C-alpha cells in the first residue's frame, strides 16, 4: 500500500467518453492483483477535494493502467491531464479476485465500464490456463458494440468473447446477463467473476444458479479508501436468515462473494 | 468593461518570483488606460474562488500584459499556466492616472512590483512628450538591483532612470522614497505618479511637499472589482479636518489623489 | 413554460434574484446583466443614516468561500431613495430593499419611509447581519426578538415583508415559524455564517473586525439543509441562497423548498452568474419536461 | 523546542491528534503514519452495543468539504476493548475513546466500563453527533442538557473528560461554560455542521439519511471562530478541529486558543496529513524562534 506521486505516461480516449491512463508506478505494478483499486487525487487543489477510486485495469512492467469513464467533476479533471503530469495515488488497495485453479470452468461477466478490472483478471487467468483458454468464457455488455472496452485485446489474448449490446450490434441483443443466462446453462461453470452496475449485479444474482462460486466487484462512495471512515459500507449477510451487517468495500472488498451480499 | 476568456500568448519569469503574462485580448488592449487593472480568475475551479486584481503592465496591438509577483495561492496557479491556456478576465477596470500635459515636470516613483502599472504610464507619457523625455524622472526601488522589473526597457524608452536598492547595488543605497526626497528638491515637479506598498506611499506623502499633483495607485482586497460589494474600501478625506469616508478602490480608484487619502 | 413565482405578493417573472450586498444597487452589474431579465433585484442593506462601514481588510478568502465584514456601509435611506431607486425604476424588475437597524425603532422608521417611496416592491428585513455591533444578528438569534421586529415593521408598512434569517442558530425552524406568525410574507435564508480567519504570519485576525460572515459554495450544504427544515415548518414562500453558482445549485434549493433563489458572491466570480442560473433552470425544465417551475418547489420532500 | 501539551490531564508529546471517526482505530493508517509520533489518537465513536450504522450513500462531496452520515457504526464497547485497544497499547501514544449514547445512562455505563479498561488515556464525550436519531446532537444543543451528561459521566469515571461540542448552536460559549462547570477537563470543537445535498438528477437527497455532517476546509472559518469564542469563555484546554489540512490551518486554531488540534477528513485526502501538520508546526516554530508551543496558544487575542 503506497501513497506516492506518479507520472502519467499516457492518458488517451479509447472509446467515446472513456480514457485509458497509464502511470509509471513500479511499486504498485509489482504488487497489484486483479480486482484491487487505486485511490487518486484529481488535481492538486481542493476542487474536488476527495480522492476517486478506480480499478486497476492492468499492471505490468512497472506500469499501471486505469480505464475510466468521464462521469463528473473528478474524472473530468483527470481527463485534462497529459503525459508528464503527476498524479497522487494511493494503492494498490482492497481485496481482489480469487484466481481460479487450472481446470475450473470460468465465466467472466462485465457490464459497461464495469469491464475495467476484468481485463487484468483475464491476463492472470490466461497465465494460469495457458493454452486452455477455451475453458474461460467472457461476456461483456454495453449499449452498443463500439462502447465495449478492450474487446479486441481480449480476443487477441485467446479468450472466447461474446458481446451483448442493447441495440443488437453485438452477438446478442439485450443485456449481458440475459446472454449469460442463455449460455451458462450448458457450461457447468465452477466460477463466475462479475463487475458492473448494481442492477446488473442484482440480475446476475438471479441468473447464476447455485453451483458456481461467484465473485463480484462492488462500487460505493469512498472517503479514506483504507477502512477508517466507514463511508463505503455495503450490506452483507450476518448469521442465518434476514440478519445483516455492513462490510467496507475498500478493505473487505471491493470483491465480494455474491452470495454474502444483501443486494 | 469586458468579461471574456482570453488566450495566453506568453507567461514567463522575468525576475525571480515574478512573471510577465501576455494575453491576446484586443477589446481590452484598445480601451486600456495606464493605472487600470484586470480582474482574473486563477483556474477554472473553486480553488481559489475569488478573482485577483492585477494592474495592466502594458497594452498594445491587441495584447495586454501583466507583471505579477507570485504571492500566494492565486498567483501560483497563474504561474503554472502556459501559452495557449485560457484565462477568464474582467477588464479594463477602474480609474487610471491623469496623463500629464506636455511641458509638466514629472516624477514616476515605483517600489518593488508596484512598478508594474508605471510602465504603461511611461509609454503614454513618452508619446505625449516625444523628444522631451528628460522632463520626466523615473525612480524605482527594490531590495537589490536585479529585482527591479523592466529597467532596461525604461531606459530604452529614453527616460532617465534612477534605481534605489536596499543593498547598495543600485544608484542609491536605501529606499526609493529617500532617493526621491534627495532628488526632488531640485526638480520643481508639477506631477508625481507613484505605486508601491503602503509604507512607501506613506513615506512618499511625507516627502513630496505641497506643490506637485500626486497620484498614487492603491491596493486593497477585492471581491467584485466593479463597485458592488464594498470590500475594497479605502479611507478618503470628507470635508475639512478629521472627517473621512470610504471610497472604492475598484471603481473610484485604484488611482487616487494622494492628498485625498487618509493614510 | 411558466417561470413566474409570487413571493409574498412580489410577482417575479422568474425565480432568480440577487443576494443583498452582492449586487450593489443594480447599476454596478448593468454592463453584464440585463436587469430586466432578473426575477427581482435585492439591493445592498440600507440604514436610516449613512454608515461608513468597517475598517479594512473587510474580506478574506476561504476554501470555496469568503468572509466579509463590510459593516453595512451605505449612504442612508434618503440617499438610496434619491440616487438609486430612480435608476432601478427604469427597468421592468421588482426592487426589494434590504433594511437593517440597531433598534426596533430604526426598522419601523425605515419601513414607513420606504412604504411611501416609489419603486419599492418589497422589504427584506435583515435581522441577521453578523457585521454590526448592536442589533442585526442579535435580533435574528432568538425567535421572540425576531418576531418582535417583524410585528412592528408589519404595522408600519403594507409592502410585502421578507424576513432574512440567520443561520447562526440552534433551530432555524423556530425562528421561521415565529416570524411567519408575526406577519412576514416570506423568509429568505441564509445570511452568512459567523466565521474567522487568522493570518498566521502576523498572528492576527485577517479581518480588521476580527469576525465576518462566511458565504459561498462552502456554506451551501448548510443553506440547503435550512431551506429544507424551514419548508417543513412554515407555509410562506422561501427565497433560498448560500453558495449558488449555477443552475444545479439553484435547483437544490428549489427542490428543498425555495420558491426563489438569490445569487450572492458568485456574481463576483462570474458577473453573469444570475443569467447563467436562469438559463440553466430553463434548460433543466425543458430537458425534464417541467412545464411550471412550481412543480419543482419542494419535490425532494416527496421523494425522500 | 517544547511541543508537549497537557489536555486536562492527558499528556500529549505534541499538539497533533486525530478527529474521531476519521482515523478508524489507528491501525488503518499505521501503514502511513508512525502512531508513536502522534500527540494522541482519538478513535471512532463507540456505543454500548454494536451499531450497524446508516444505509448508503453515507457520504457526499461538497465544495471544499464533505457530508457524512455514518450513523456511528461501531462494534460496541466490549469489542473495542477486546480488539482495538490492545493493538493501540503497543504504541507510545495516549488513546482517547470517543463515546456516544442515546441516553445519559448510556454515557454513564460507557464511562464506567472504560474507566476500568486498560489503555484509555481519556474520554471524549460526543454530545454533538448529528447522525443518530436520538441523543447525540440533542444533548449538545442545549447548555443544560450538555452539562447534565457531563456531570453524570464525571461521577462515573476518574478519566480525563473532553466534551465534544456541536457547532449547530446559537451560542457555543454558553455550552462550553456549562460543560466546564459540570466537570469537563477540556472541550473539543467542532463536530460537524448539519448539512444536506440534493441530487438534482433524481430530485432526492444525496445521502440515504437525508442530512449529514459537514466537515472539511469549508467549515474551518466557523471552527476557528468558535475556538476563539470558547477560549474567551472557559479556562479549560481546547482541542480545535474542522478543516485542518496543513500546519498553517492548525496554527490558526492554536492562535485562536486551541492547545491541541485534530486532523479529520484531511487524512482521507492525504494519509500523512497528521505528520505534515506536525512537521509544519515544528518548522514554523523554528523559523519564528518559538521555544514552546504554549507561547502560541491564543496569541491572536493579544494581537487583535
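Every chain is named by a letter (A, B, C and D) in the order it is written, and numbering of its residues begins at 1.
The working rule: a contact is a pair of C-beta atoms (placed from the backbone, for glycine too) under 8 Å apart; a residue touches a chain by one contact, two chains touch by 3 or more.
This one's a predicted model, so the numbers in the text were calculated from it and none came from an experiment.
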Shortest path length from chain B to chain D (each step joins two touching chains): 1
Intersection of the contact lists for chain A and chain C: B, D
Of all other chains, the one whose Cα centre sits farthest from chain D: B
Euclidean distance of C-alpha centroids - chain B vs chain C, Å: 36
Chain A and chain B, separation of their C-alpha mean positions in angstrom: 56
Inter-chain centre distance, chain C versus chain D - centres from mean C-alpha coordinates, in Å: 33
Residues of chain C whose C-beta touches two or more other chains: 63-65, 216-217
Residues of chain A touching at least two other chains: 46-47
Chain-level touch network, classified as line, ring, star, complete or other: complete
Chain D residues touching chain C - in the complex, by the definition given at the top: 62-65, 67, 141-142, 168-171, 193-198, 200, 202-205, 210-211, 214, 216-222, 224-225, 228, 243, 248, 251-252, 255-256, 284, 296, 299-300, 303-304
For the chain A and chain B complex, residues of the former touching the latter: 43, 45-47, 77
Chain A partner contacts - residues on chain C that touch it in the complex: 63-64
Residues of chain B that touch chain D when the two form their complex: 46-47
Chain D-touching residues of chain A, taken from the complex the two chains share: 1, 3, 41, 46-51, 73, 90, 220-234, 244-246, 251
